[in-house]
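Structures incoming, each one as structure tokens.
Next, two complexes with chain A in common: one pairs it with chain B, the other with chain C.
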Partner chain A sequence: MHKILLKINKYLAIFRVSVRDRLAYPLELFYSNIFILLITFVMSQVWLVVYAEHPEKLIVGFSLSAMIWYVFITELILTSQPNVILTIGEEIKNGNVAYVLSKPYSFMSYYFSYFLGRVVVSMLIKAMVGVLLLSLFSPLLGISLWSFLAGASSVFLAVVLNFVIAGSVSLFAFWLEDIRSLRFIYQKIVFIFGGLLFPIDVYPEFLQKIIHYLPFEGILYGPAKTMVNFDLVYWQILVTRQVVWIIIFCFLIKIIYGQGVKKVNINGG
Partner chain B sequence: MDKVLKKLISMVVKNLDFIWAYLKYNLASAMEFRFNFLSQAIFMILNDGLFLLIWYFFFQYFGDLNGFGFREMIALWIFGAGGFGLVNAVFGNAANLGTIISNGELDFYFSFPKNHLLHALVSRTDLSAWGDMLFAPIAFFLFFPANLLSIFLLFFGILSGAMILLAFYILIGSLSFWLGRNEVLQSSLFHAFLAFSTNPSSVFQGVVKFIIFFVIPAGFATFWPADLLKEFVLSKFLYLILFTIIFFLFSLLVYYRGLKRYSSGNLINVRG
Partner chain C sequence: MQAVEVKNLSKKFEKKTKALGLKASFRSVFRKQLADFIAVDQISFQVAKGEKVAFIGPNGAGKSTTIKMLTGILHPDSGEVKVTGLTPWKERKQLAFQIGTVFGQKPQLWYHLPAMDTFYLFGKIYEIEAKKFKKRLDFLIDKFQVQDFVYQPVRKLSLGQRMRCEMIASLIHQPKILFLDEPTIGLDVVAKQQLREVLNTMNKEEGTTIFITSHDAGDLEKIADRVIVIDLGKIIFDGTVKALKEKYAAYKIIDLKIINGGNVKSKIKIPGVRILKAENYNWQFELDVKKTSVKAVLDQLLNIYQVEDIGIFETPMEEIISNIYAQNSLKNK
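Presenting the complex of A and B:
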């Protein structure tokens, strides 16, 4: 037990350093709100036209304000994520991974704690500014403490899921000359299959069926839908899927890292 | 007058030669990492196509937005992707201009006989932008009738859109002369340009419309070229030329005004 606590403390210390590091440039944090507010505004203009004739109607189960909040939450999750693939990929390419081998922490757990610190700060600040402004113009009705907590839990799992998928992709840097293409592809897959701009319920049925079997729904669509349109049954399915995918990708990380690290050559010191 | 004109033409030709030489050099160096280059370019074409496909689903589900349908969306993406691709493939450093200024890295370009701003802008290429550039003609020939006027408007729209975006890059990059490091602000402004230029134009009204045309001029970069492709109106065409020239000159004016505030970075830079 004592050993486990020591382990947790170690990664908590990394998390704290990362939080302080992220807070070091408050102006940058402030500017980072501009984009998310802007894209929410742009999409809200689209939804205002769609709902113009019957502002009270529900489309695929979403009210007008739920649609606007949906975009805000998907963008909030997406834009708060650090660049996992490029950062870890670069560490592998420039050989820094070799230094970690002699350190008393795991390479991937170190980066998880580090990124989590950055995500928490970034997300909280964007959420505070965004929620305040959005509530003024388009208040989200029908949100209870329980639905908020359920949504928050799936947002947290979404962050972890994104990290384990992006993290396993980044480990291909052990073999590839450049990891940027993979990052690019991953990013676009999340945009499209994650339902970044509008709920995937708008997609044709066959595509929705395919998307349900992929992990990306658990990164954007699932948490956003849970937050704005809570459904207990869907939330249970979502959280189960998120946890299963996280476990699968943790195994993948273990396998890929184990194979990749054999390729590291250490010359001198 | 004749002498001045000759000098001006010779300057333009020399600069075009310089841009062409750099473009060939950048392309050759990109081809050193062939897989990376080709995969990024091909995936960008797929990415643009997939985004359009998602909008296709949207319009299938909801129908037109104030007369703006899927066809209009394609036109917007042709000019959005084409202009963005052209600027970032040829002037790949435009997106980094602010960082170059705030890091004092302009010094490197001062030591060459060519115009330092042009040199800084062309000395890099964005690999994925080549995909965007190629996407524009592919989408055009797939969805629009090709005749002399429409092909001319395709190239004209991409060129004017690219000039407006390049001027916008120069303007937001020049902010670094006054603000120092401000990458996040610049990135936000650039993404605002991108968001406005690739979303349905018909949903913006009033003050927002004014901002889209005169503050973040995405409207001139994609909305008007797309409108012209749909229906050619001579006055709109001429106004677009006029705006592009004025906006480009304005960006240069701001840049050179800011340059007076530039502090050298005391940087020794060696490029391989």
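Presenting the complex of A and C:
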């Protein structure tokens, strides 16, 4: 038990230092995080036009206000995530992994704790500014403490899921010279299949069926829908899927890392 | 048990090659030109506990590759390695508790935070009990004299100050072996001297085994009691610093200041002695230690002249090292 606590403690310490590191320049951090307001404003204008004739109408089960909040929450989740693929990929390429590998912790758990620290800071700042402004112009109705907590739990799992998928992609840097192209593809897949900007309910039915079998729904659409249109049954399915995908990708990481780490190639100093 | 045991260790890398021109670029899309580059070639050596070993060699000789295999970062192609009885690439995490690493060209301190944050983080990472950690940290802060800047963000520190903090971060868990890969690179004379002094103190007081790679001859002379020279992936010398000098220091310089003048060229005729300078009363000779001894030359000089002052200088270490590399590269041509 004592040993497990020591282990948890070391990853908590990495998380804490990562938060402190992210807070080192508060003003820069604030400016870089309020860009989300611009995207939400632009997209809300699009939806205002769509709902213009019947503002009370529900489109694919979303009211106008719920749709605007949906856009904000998907953007919030997406833009709060650091660039996992490029960061880990670059560290592997330029040899900075040397220090990570010479310390008594797990390679990916180190990066997870590090990224989680950054996500938490970024997400809190964006959420504080965004929720305040959105609540003034388009308050979200029908949100309860329980639906918020359920949504928050799936947002947390979404962050973990994104990390394990992007993390497993990043490990291809052990073999590839440049993984920017993989990052580009991954990002676009999350945009489309994750349901950024539009809920996946607007897609044709066959596409929706395919998307339900993919993990990306659990990164954006699932948590955002849970926050704005809470449905207990859907939430249970969502969380189960998120956990299953996380377990699958953890196994994948273990396999890819195990093979890749033998390929570390640090030239020179 | 030895601190480090290396047996027939080898590592090769694949390197992409590409011919000049557009045609070659298109061809490389379909067919990559790969060439094997042997970085480390069947090397064997042992390091005893508490020893201070300098691992030197020219650029691309295989120093960093070796140190990275010894610390569990790189996987070798073949051979055996035991560091404090552990196989580095198989027991990386257990080994990490036993060793400290400093890579001069790669920082481990959090750049935007004070060094103190990294120290506390490492305290948790190495699972050090709070009281023990505090005592150790106070001891190291005092030893490295970093009290004045340990609460400043690392980005505001000079390179010398940063390196001292890097050393503390590597020593916080009292490692049995310290691996240093070019730790003095870019440091000024005073910072280098401070670092060397502290390394020697840690070795003396805590029995820390030191394994250092460097291009700086001063590191070798001021820290190491043994030198391993590696070139083209192979060990070409393994012995004490004294043995290295005896083997490769080809000549000595004698500076002579005399009271009575004369024509030195006509009077000094000893095989292996060359006159470098003969200005009035100040003369300088170079003597080949393989052909004659310092004593024989001095006997003759003292017989002929009234000498006011004599200075005898060894071949500078930098020149010795460059001689070794030159000889080895000639041998391999």
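The rule is short, and it goes like this: the second predicted complex is superposed on the first by the 260 of 269 C-alpha atoms of A that agree within 3 Å, B and C clash if a C-alpha of one lies under 4 Å from a C-alpha of the other, contacts with A are read in each partner's own complex, and residues count from 1 in each chain.
Methods note: contacts are C-beta pairs under 8 Å (C-beta built on N, C-alpha and C of every residue); 3 or more make two chains touch, one makes a residue touch a chain.
Quick caveat, the model's predicted, so the values are computed rather than measured.
S.K.: Can A:A24 be said to touch chain B (first), chain C (second), both, or neither?
M.R.: In the superposed model, A:A24 contacts chain C only, not chain B.
S.K.: Based on the superposed arrangement, let me know which partner A:L48 touches: chain B (first), chain C (second), both, or neither?
M.R.: Once the two structures are laid over each other on A, A:L48 reaches chain B alone.
S.K.: Per the contact definition in the header, classify A:K10: touching chain B only (first), chain C only (second), both, or neither.
M.R.: second
S.K.: Looking at the overlay, what does A:L101 touch: chain B (first), chain C (second), both, or neither?
M.R.: It touches chain C, and chain B stays clear.
S.K.: For A:F35, is the partner it touches chain B (first), chain C (second), both, or none of the two (neither)?
M.R.: In the superposed model, A:F35 contacts chain B only, not chain C.
S.K.: Which partner does A:S181 reach: the first (chain B), the second (chain C), both, or neither?
M.R.: After superposition on chain A, A:S181 lies in contact with chain B alone.
S.K.: Using the superposition on chain A as set up above, list the residues of chain A that contact both chain B and chain C.
M.R.: After superposing on chain A, no chain A residue contacts both chain B and chain C.
S.K.: Could you list, by residue number, the parts of chain B that touch chain A in their complex?
M.R.: 33, 35-36, 39-40, 43-44, 46-47, 50-51, 54, 57-58, 60-62, 65-66, 127-128, 182-185, 187-189, 191-192, 195-196, 199-200, 202-204, 208
S.K.: In the complex of these two chains, what residues of chain A are touching chain C?
M.R.: 6, 9-10, 12-14, 17, 20-21, 24-25, 95-99, 101-106, 261-262, 264-269
S.K.: Tell me, which parts of chain C touch chain A in their complex?
M.R.: Counting only chain C, the residues touching chain A are 13, 59-60, 64, 68, 71-75, 89, 92-94, 96-97, 99, 101, 103-106, 108, 110, 112-113, 117-118, 120-121, 124-127, 153, 181-182, 185.
S.K.: Which of the residues in chain A come into contact with chain B in the complex?
M.R.: Touch residues, chain A against chain B: 28, 31-32, 34-35, 38-39, 42-43, 45-46, 48-50, 59, 177-178, 180-181, 184-185, 188, 191-192, 197-198, 202-204, 207.
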